[in-house]
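So, here's a batch of structures to check.
Heads up, the next two complexes both have subunit A, just with different partners, subunit B and then subunit C.
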Partner chain A sequence: MDMVSVDMKKLNGLLNRAVIDVITTMTGFDVEDDPDCSQFAEFESVETIIGVMAVFGSIDAVVALATDINSSKLIVAYMTGIMPTDLTDEDVHDGMAELVNMLVGRVKADLVREGLDLSITSPFSISGTNIEMVFKDRENRICRRFIAGDVEMFLSVAKI
Partner chain B sequence: MDSLYKPFIESTANIIGQMTGLHIDLSDQVCEEGQEISSLGVTSIVTFAGVRRGRFLIDMVPELAIKITNNITGVEYKDVREYDVLTSIAELNNIIAGDAITVLNDELKLSLRLAPPIVLCGKEPIISIPKLSSVTIHGSSDHGDLKINIAFEKEG
Partner chain C sequence: MKIMTVDDSAIVRKIIRSAVEVLDYEVVEAKDAKEALDILEDEYEDIALILLDWNMPGMDGFEMLELIKKDKHLRHIPVMMVTSETGGENIIKAIQTGATHYLVKPFTIEELTKRILECLGRG
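Right after this comes the complex of A and B.
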């Protein structure tokens, strides 16, 4: 059977919608999205956490969701019902990985319903300051910024 | 479990040796690792899926990453954050993991496929892989330390 391909625009569109829906549902905040990711550079100077997952099948891509550590605590607090001050580092890491897992899992479900094929890898997260994450193909990369109250996030999708 | 890890350990030493001429001395000890892994400076991660899902990570001090890149490319790089340095480490990881999963697919019929590698550097990065126990093998070279970390999800 020939594999039907998905283009980056469609994958990105589905992920954008998933981010907005999931964050709105969890936090109750209105989510604005912005294609301008130029603020990511200053964002990298603070402690950052990035949830990462790879997908392959109808499209091969890496999905990364980055936010500052305080925003991630707020998001994970909404996800778990635990106060941000009571969250351990492990809770925050698990929460960010789970958030990416939820987003990509939702997109996978959408695509599978359309008869497409998508495998997903285990999610993982990375934290630290001034983290630089590099993908080999710099051309096929889409970044989008999301703002929800005090939470600011960057979604990056890189096709490989 | 050893049969899952061994191809990665052997491929690491062999491929770095073949591609760079550097000798990597990998420890005989396989250490159980917790969820969080502290990076030595430059880390490349490649995830894979098939009959089992898992991840292979190679982590090294910046000096070794630069030396490996210089030996592969023949160009003298000084800064580990240069694009060519980081992508060389990602490509090295891709080749090592590709070699190892070819062995696993041939011997154990795991139908593993590699996802694209990711490479990162930063100030004291922590990498966390939830719900995935892993093993680490520490290594050393004349240009600094490295470690590899291998994880497979439990069956079922």
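Right after this comes the complex of A and C.
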């Protein structure tokens, strides 16, 4: 079974719930989702940090959660109770990677219950400006925007 | 007494530290199972509880739980698995192996504190 045979609407729904649940629980933010990802292009021009994880097995995919550096500091500050100015770069990278770990863990458990066989990699993070993720398969891709006040995040899932 | 957190995520260790320090316990951090077992060798008598991540590079949390529960000096220490793996089978496996509790990430500080107190018999 591959990503095509998984109900995309269902996967979308699982991811959506996972992101909202993880961010809300860990930060207390009131998160709203928006299926329109058209703002992502202009978002790429600012300094961005992306938490990434790969999933293998019944689905081979990359899951990425991107936000700008200032938003990521705010997110990690609310997760830890540490002031944004006191956070190290390592804290911010680790926090974004851990958020992806939590949301992929949640979705993996949901899919394993459905009978899929999945393994996940350790999470990691990438930061920089004008980061462009290009996947060969442009058809099987999910992108969603999440907003919590001034904090804007983009979730991207692509079949590999 | 001390509470040990074993997690490859520095952020999770910081979150746990902030919850544990409020309870007036000293925190001992380890970033992987090897470091944790080295610390336990010297400090096992002072450790009141181990909070153990499941997915870690090298030896995973479940393997470490098995070692702890087979060791005559360590087996009495309560272990709470802290993990993003929400699968029911894993929870059963951990409890059957001797874990006292199982906390699924994401968690709130209130949830974490409640579970720690339960593990310590103060819930």
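The criterion applied here is as follows: the second predicted complex is superposed on the first by the 153 of 160 C-alpha atoms of A that agree within 3 Å, B and C clash if a C-alpha of one lies under 4 Å from a C-alpha of the other, contacts with A are read in each partner's own complex, and residues count from 1 in each chain.
Methods note: a residue touches a chain if its C-beta (ideal position, glycine included) is under 8 Å from a C-beta of that chain, and two chains touch if they have at least 3 such contacts.
Note that this is a predicted model, so its numbers are computed, not measured.
Engineer: Now for A:Thr80: first (subunit B), second (subunit C), both, or neither, which partner does it touch?
Structural biologist: Only subunit C; A:Thr80 stays clear of subunit B.
Engineer: By the touch definition at the top of the document, which applies to A:Val134: first (subunit B), second (subunit C), both, or neither?
Structural biologist: Only subunit B; A:Val134 stays clear of subunit C.
Engineer: Considering only the touch criterion stated at the top, classify A:Val112 as touching first (subunit B), second (subunit C), both, or neither.
Structural biologist: The answer is second: A:Val112 touches subunit C but not subunit B.
Engineer: In the overlaid three-chain picture, which partner chain does A:Ala54 touch, first (subunit B) or second (subunit C), both, or neither?
Structural biologist: First partner only.
Engineer: Now for A:Ala97: first (subunit B), second (subunit C), both, or neither, which partner does it touch?
Structural biologist: Both partners.
Engineer: Looking at the overlay, does A:Ser45 come into contact with subunit B only (first), subunit C only (second), both, or neither?
Structural biologist: neither
Engineer: Subunit A residues in contact: does subunit B have more, or subunit C?
Structural biologist: B
Engineer: Does the superposition put A:Ile160 against subunit B (first), subunit C (second), both, or neither?
Structural biologist: First partner only, subunit B.
Engineer: I'd like to check the shared interface: which positions of subunit A are touched by both subunit B and subunit C across the two complexes?
Structural biologist: 90, 94, 97-98, 120, 122.
Engineer: Residue numbers of subunit C touching subunit A in their complex, please.
Structural biologist: 8-12, 14-15, 18, 55, 57, 83-88, 105-109
Engineer: Touching subunit C in the complex: which residues of subunit A?
Structural biologist: 21-22, 25-26, 76, 79-82, 90-91, 94-95, 97-98, 101-102, 104-106, 108-109, 112-113, 120, 122
Engineer: What residues of subunit B sit close enough to touch subunit A in their complex?
Structural biologist: 35-36, 39, 45, 47-49, 53-55, 81, 83, 86-87, 90-91, 113, 115-132, 151, 153
Engineer: Touching subunit B in the complex: which residues of subunit A?
Structural biologist: Against subunit B, the touching part of subunit A is residues 52, 54-56, 60-62, 89-90, 93-94, 97-98, 119-136, 138, 158, 160.
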